[in-house]
């Protein structure tokens, strides 16, 4: 059951390690089957070289284990909160990839300073509010999801598949577990460039709305003309 | 037809990925046969591990497809504008390689602060003007080529085989597709060093004209004495 | 005798080189058998690609060689001082890994600016006092151990498995030689992130005590709920 | 004739590329047979993957070719000037390795800020004066050697096996070609750390003379006690 989902989630987790976005067990990817409302996620604390598709844990959207011998990732309540609120997403990824984490732990959004960023993210990658003492002490992982969802009031998760949790690190998402992983790769590269740009020209604020629209919309939406799939 | 051209363009594109100058499909190399006025370029949105010489698209200098099943790179109009205006070049390369892109998106030329740079580029690597709203909205990729050509008024593309498009990233060129790729590699290494130099000594402006002449001209032009080909 | 100890110490030393935490012979890992009070350590100046388990030197806690043809690491007196004073540790690791060494040689503690750090280290990673002329001239390596031990007055080595020796570099430890190596890996990644955070936001001081407690204690101690081993 | 010398020089050149201290043909290593006064050096402009021991050029100390089909490195006059003046050295290495080159092109010596540096270099790595117009226009490569030799008035090349040529890059040396290569590796790592230290603590000036003496002299000279070769 859900063999394909489990495999895709396992593969995306293994890619995290292969692409050096996560060492030890510092990251996790999940995927959801929207029809069955079943989430597949990495088990907690398992290192990537020991991970198999069989070890992936299946849960319902309330966090009840449907199948799996192991305890799910401790970040599971965050993933579930995202799936419950961002209806169009099919995969979630959490890493401590170095550059994205630097921005998150510096409590700074990643400004949209260039077309590399604009090709993928429609604007600055937002950073959440710091969590309160109560939010940290009780239901920390669930509340992590809640501060993300709150930060996205007025934002479209489909156009902004990433967030920085202040003091912590990035969460990314996409249509599938593989897409969520891809968002994490692009975020990391974008975060790396943004650091260098800040050193070279600290006054560089960001590209114009018209250039952002041009780059984002030539790759996304109904008028996209990048790649082989859009209309010519 | 044009099998060799196609193969050399495919190889240069594959080198982009192998040398980590481009991830996913974020880069493209083209080459031109000047006799037949035929340009060979990477298809749009195709990832490097799926790229073959057969998939390379052939076009005339007006952008009409001569051969190829796939849509050409969305940056094709930029490449063509460069071929039409820089008559001596035989290959063009576009990447979002991290360090060169940092300078481009910081809207800063790469100063010629040392002999590594002077061995290859005859002066600071120029950055274009920001594009206007109209230039972005209509014929964006063609206009990208136009702002590059305009920036090169008074510059010799043979002595300066690179440009930074402001807010976007680098374009490089050379006598062949392979040379254009080599320009991209050297540009990236030069951009990386320039960032460190800026941190160590922000007041370092650049080397003297006499040292620039010495290094550039010992490798290029009729009095070159570097390598095995010049006169002794 | 102590074959397993020797092998584990050899393996941890080889990991140092494989993970690029040490080049040439710039690092050493030791392990202790607490029952027999026998310490196993890398021989001095031997490069990693020539290291075998047989070459590992066995000593008692006073530094007398129990078995081994080669001279032990010149840092041995530091290791022994740590074993004599930090009774609960079973392995010690010393490297000149680049980022951790930068902080040590800058005479700056690594602030606890985020959860990546808090997951592993309970607070800022401390830096020792500079050593006095006398401490350097006589029994330098033993005194290196003494300034570490002195710096840990009021700190729990089990909750803070790393120290930066001012002007020199990091020492890390853990329950075993392998754990000491893991501490070195995490320290290096943490030090790398802390450098970037300092550039992005120089005013970022550190996370709150409640977030530190949350992250550290969900992975360590009797109420830990991360991984597969704690109580659910 | 001089087969072993040629092989050792070829190997050291190949190591440059393998360790990513040089790309394309941006570096060269030479070695000398002091008895025969024969210098072996890389041919000019040959890329590392095409280099063989047979291609290594043999010259006398005046620069006359003794054996070899190819033209020697354009930097040969610099190497020869160093061999003529630094009698105790047996190998010379020139690279544009990124971090060492940053310091050279920033016209800044690499301060001795820590023990990693002090283990190998007895003090700050010096930077030469800028070369004059005349020194650049005539006999540039020979004059490069001369400004290095002039900078070493009062310095011992055996205790300081590296120099930064202002605006250009590093030259290193040692007892053999392999040692000269090792000096280049250590210089690069030291330069990398020094850049990070400068960011973390711009006021950090350098370690004390007593700590420098301790670290340098425990590895070098007659009282050395590091490694397996010194007296115990």
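A, B, C and D are the chain letters, set down in written order, and residue numbers restart from 1 in every chain.
One rule holds in what follows: a contact is a pair of C-beta atoms (placed from the backbone, for glycine too) under 8 Å apart; a residue touches a chain by one contact, two chains touch by 3 or more.
Just so it is clear, the model here is predicted, and its values are computed rather than measured.
Trainee: Have a look at where chain C meets chain D and say same if over half of the interface residue numbers show up on both copies, different if under half do.
Mentor: different
Trainee: Expressed in ° and rounded to a multiple of 5, what is the rotation angle of the C-alpha superposition of chain B on chain D?
Mentor: Here the rotation carrying chain B onto chain D measures out at 90 degrees.
Trainee: Taking each chain's centre as the mean of its CA atoms, which one is farthest from the centre of chain A?
Mentor: Centre of mass proxy via C-alpha means gives D as farthest from chain A.
Trainee: How many angstrom lie between the centres of chain A and chain C, each centre taken as the mean Cα position?
Mentor: Result: the chain centres lie 33 Å from each other.
Trainee: Measuring from the mean C-alpha position of chain B to the mean C-alpha position of chain C, what distance in angstrom results?
Mentor: Chain centroid spacing, chain B to chain C, equals 47 Å.
Trainee: Where in chain B do residues touch two or more other chains at once?
Mentor: Expected reply: 199.
Trainee: Can you name every pair of chains that touch?
Mentor: Per the contact definition above, the touching pairs are A-B, A-C, B-D, C-D.
Trainee: Can you tell me which positions in chain A touch chain B when the two form their complex?
Mentor: Touching chain B from chain A are residues 113-116, 119, 182, 185-186, 189, 192-193, 196-197, 199-201, 204, 207-208, 210-211, 214, 218, 225-229, 232.
Trainee: Which positions of chain D touch chain B when the two form their complex?
Mentor: 23-26, 43-46, 70-71, 74, 96, 98-99, 101-108, 130-131, 133, 136-137, 140, 167-169, 195, 198-199
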